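Accompanying notes for the structure given below.
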Amino acid sequence: MSEAATVDTANTTTAVDIRGVSKIFGAGSDAFTALDDVSVAIRENEFFTLLGPSGCGKTTLLRLIAGFEHATRGTVLLYGEDISDQPPYERPVNTVFQSYALFPHLTVAQNVSFGLEMLGREKSEIREAVDRMLKLVRMEPMRNRRTEQISGGQQQRVALARALAPRPKVLLLDEPLSALDLKLRKEMQGELKRLQHETGITFIFVTHDQEEALTMSDRVAVMNEGRILQVGSPREIYDRPGDRFVASFIGEMNFLVSKIESVESDRVRVVFPGGAAAFAERPKDFEPAGEVTLAVRPEYVRIENAGTPDTLPATVTEKVYFGTDTHYHLRLHDGAELVSRLQNARGREDTHPVGDRVGVRWATGSAQILKG
Amino acid sequence: MAEPAAQARRGRRFSVKNLPGVTGMAMLCFVLLYAPIVTLVTYSFNAGESIALWEGFSWRWYAAAWENDTVQEAAVRSFVVALFASAISTTLATMAALGTTRTGPFPGRTAIYVLINQPLMVPEIVTAVALLIFFASIKVATGYSGLAYLIAAHSAFCVPFAYLPIRARLEGMDPTLELAAADLYASDWMAFSRVTLPLLTPGIVAGAMLAFVISLDDVVITEFVKSAGQDTLPTYMLGQLRRAISPEVNAISTALLAITVVLLTAFFLLSRKRRVDGE
Amino acid sequence: MTADAVNPTETAIRERQVRRNWLLCVPALVLLVFAASGPLLIVLVYSFLEPGDYSGVIWKFSTEGWFQVVFSRDIFDETISLADAHLSIIWRSASLSLATTALTLLFGFPTAYFIATRPESHRAAWLFLITIPFWTNLLIRTFAIMEVVRNEGILNSALKGLGVIDEPIQLLYTETAVLIGMVYVYLPLMVLPLYAAMERLDFRLVEAAYDLYATRLRVLRRVIIPLVKPGIVAGSILVFVPSLGAYVTPRVLGGGKNMMLGNLIELQFGQGRNWPLGAALSLTLLVIVTVALLFYVRNVSRGSRYG
């Protein structure tokens, strides 16, 4: 794993520090490793997202921070204090559950006040905090409703208000938007960003939706099979994926097998099995050699007329219309396939019909050599 | 929408769910189920002595039963036993339900299930005989022959009846609610008393009502366990049968029936509400 | 804390949880062992003792109790013969229980099917109509049947009114009355599991069968019945087991002549004053019931593959 935390400017406090955490469920032959030696530092006040496919360990990691699970190995630190052995009710972190888990026997306001009551706060303070929270999530008119009498989106807001009311040091959000329909989800994405901004609380957000992760987060950790593969800003994750999994999980990516021909100061020249050659950015953290995978996003692949200098000869095999853009499926002469995504515009409908011979190229900086 | 007339012209349409004769058979079944009960209830209000000849409406058999000291005593005994038995069995069943759900399998859980459900599987007469033998020797050894034997026996066979609705309720409960409580700074005890218990209450009430009805209705085990002069209403009624059947017994039956119907209706409404807020 | 040391919390928490579970169950288990399961072992012990003169037992080992379940010894010449009285009672118990099971299935199947095919909002109400008799005191229901089958009861009056018979038929204190009574009291026990199975029935499968040219009878035989088989088995067991151990119904409706196993057992603890025989008979009943339950468990676990 790359030492992302040390690469970034370390002028902020670390809120949550995960150190060498492993979690193994079951024992013997049934044992399942949910987390495999995970280390990550989450900074104060950031919107941090754990992104990965289902079963990658992201929810387990969140539950470990909340205290619902206990690490098999390793420690969890909150502002430098080891909280690994603390029960959930002693940890100053709160959770927004995927199912919201609102108490069905309590009203909206009673749900929001629950945490403060458990902390033994003054009645007047509780009342004030509940009012403030309900205003914050715009649920004031519903304060005396039963939780089953309000819509999914409203339940979501109440769950947020309930978790924010005790002013936790860290707010944990376990796929909170997955139960909402698309339109409401978009709305709540903006709402969450606003809440994080207004409260200044560290958010740790779990999702399997890459778009959600990219649009909302300050930083993203991409996880797979119990490991963190890469930590970085959405832009870094998208433009400089650390490995093949990250590259294919986030956005779409063309992978082309090639061989390193020469390494220059900031670029490398590769040759494809068919003999054609192209350039790619020189990787910063390793020295490429021999057979490598070249990765290039479909939107960076340009299509020119056949025979244009510095292009790879290819044939259009299929065209798929997507509304905003069209995907051109192309086959290089050595048989390798790749996709080019061109934005649609009036008057460009008939360029490059299926079967057309074309030339393919990309800017050196948009192609990347992957490890292995 | 087709016109009603057009629909009528087409006659009865094919329906996937229909099987010939099912409705008739089902209706016959409901009539047969209720006719005897309705007859019994009706004749408990008969002014005459006969249980075959209707001589007009009267409360006299209820009055007779009410004024009968033996009946009164048996009724009080029945209620005392049923109250204790339902309270004890529901408390123990609630604890057992909390101990057997939501933590996954653990060593001995199957054995616990078997023990708890055992009274449902062993024929009542066998349990009755076993308790007769066991309690007889305790009675000899201790000299005590009070109501405790009946209460203990009733509490035991009521446990599975109380356990089932409580366990069902617990299993239907979202376990993340308790996690949410813990996350919001509730200690184990606070999470239990403020979240689990309030949500469990309908199940506990349902269990207690079932246990009460079961205890109130028991004949066989009571008949074998009771000491001399410890008749409950059902054993009193069974004893009366050796002589001529009297409308008085009908009146007592109807009263017991009314209690059962009231408790069951409450149970029915309670479990309907449960389905609503279980959403 | 070193990173590679295994955290002890996890196993400690699990152990604490299991201990807590057991502690919560202990009070119920103590009560059940004391007043339900434990005494069954004493019955086993008593079945191997000698009967006392008036009641109870003499603490001397004997297999006479078990012997007497099936055989009888002549008082004078000690010749051994089959205990006809006992065997006929066991036979009556078994045959009446089987007949009860068959008849409740005959009535219960259409009733359950009827309820299961009602609109969802009506089902609970129909089901409630089945549950009321189910929870009504067994003794009361038996009384109700008694009034129906009496010489002056509504059944005879109705038949007389219709001109079918001139003289009332003696029904009360016959095997027929016991059978009618048992079918009546155990019918809800058949309907409820049948309904549970039918409610889960996917009627798209029935549609598919009709679509593939099956007639109604074939749909019933080849699709519906196989799919609800677990419910049929469960209902049959739920009816058969208590029928076999029935005590109240044969006592009230059968009189002294039409005893079943339950009444025979009671007799040994009453007038018969033969506790070891009573204990042995109880265990015989328990064994038959256990076999039936094991049959059920095996059938249901096999049946669950389909459902």
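The letters A, B and C name the chains in turn, as written, and every chain counts its residues from 1.
By our rule, contacts are C-beta pairs under 8 Å (C-beta built on N, C-alpha and C of every residue); 3 or more make two chains touch, one makes a residue touch a chain.
This structure is a prediction, so every number in the text was calculated from the model and none was measured.
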Any chain in contact with chain A as well as chain C: B
Winner on C-beta contact pairs when A-B is weighed against B-C: B-C
Chain at the geometric heart of the assembly (C-alpha centres): B
Computed distance of Cα centres, chain C from chain A, in Å: 60
Separation of mean Cα positions, chain B and chain A [Å, integer]: 55
Distance between the centres, which are taken as Cα means, of chain C and chain B, whole angstrom: 17
Per-residue multi-chain contacts in chain C, two or more chains: none
List of chain B residues in touch with chain C within their complex: 16-23, 25-26, 28-30, 32-37, 39-40, 43, 50-52, 88, 91-93, 95-96, 98-100, 103, 106-109, 112, 115-116, 118-119, 121-127, 129-134, 136, 152-153, 155-157, 159, 163, 213, 216-217, 219-220, 224, 234, 237-238, 241, 245, 249-250, 253, 256-257, 260-261, 264, 268, 272
Residue numbers on chain A that touch chain B, as the complex places them: 66-68, 87-90, 93-95, 97, 99, 101-105, 114-115, 118-119, 146, 148, 162-163, 166
Chain B-touching residues of chain C, taken from the complex the two chains share: 17-18, 20-25, 27-29, 31-40, 42-43, 46, 56, 107-108, 110-111, 113-115, 117, 124, 128-133, 135-141, 143-148, 150, 152-154, 157, 184, 187-188, 203, 206-207, 210, 216, 220, 241-242, 244-245, 247-248, 251-252, 261-262, 265-266, 269, 275, 278-279, 282-283, 285-286, 289, 293
Interface residues, chain A side, partner chain C - complex: 19-20, 37, 70-75, 82, 84-85
Partner chain A, residues of chain C touching it in the complex: 1, 3-7, 9-10, 13
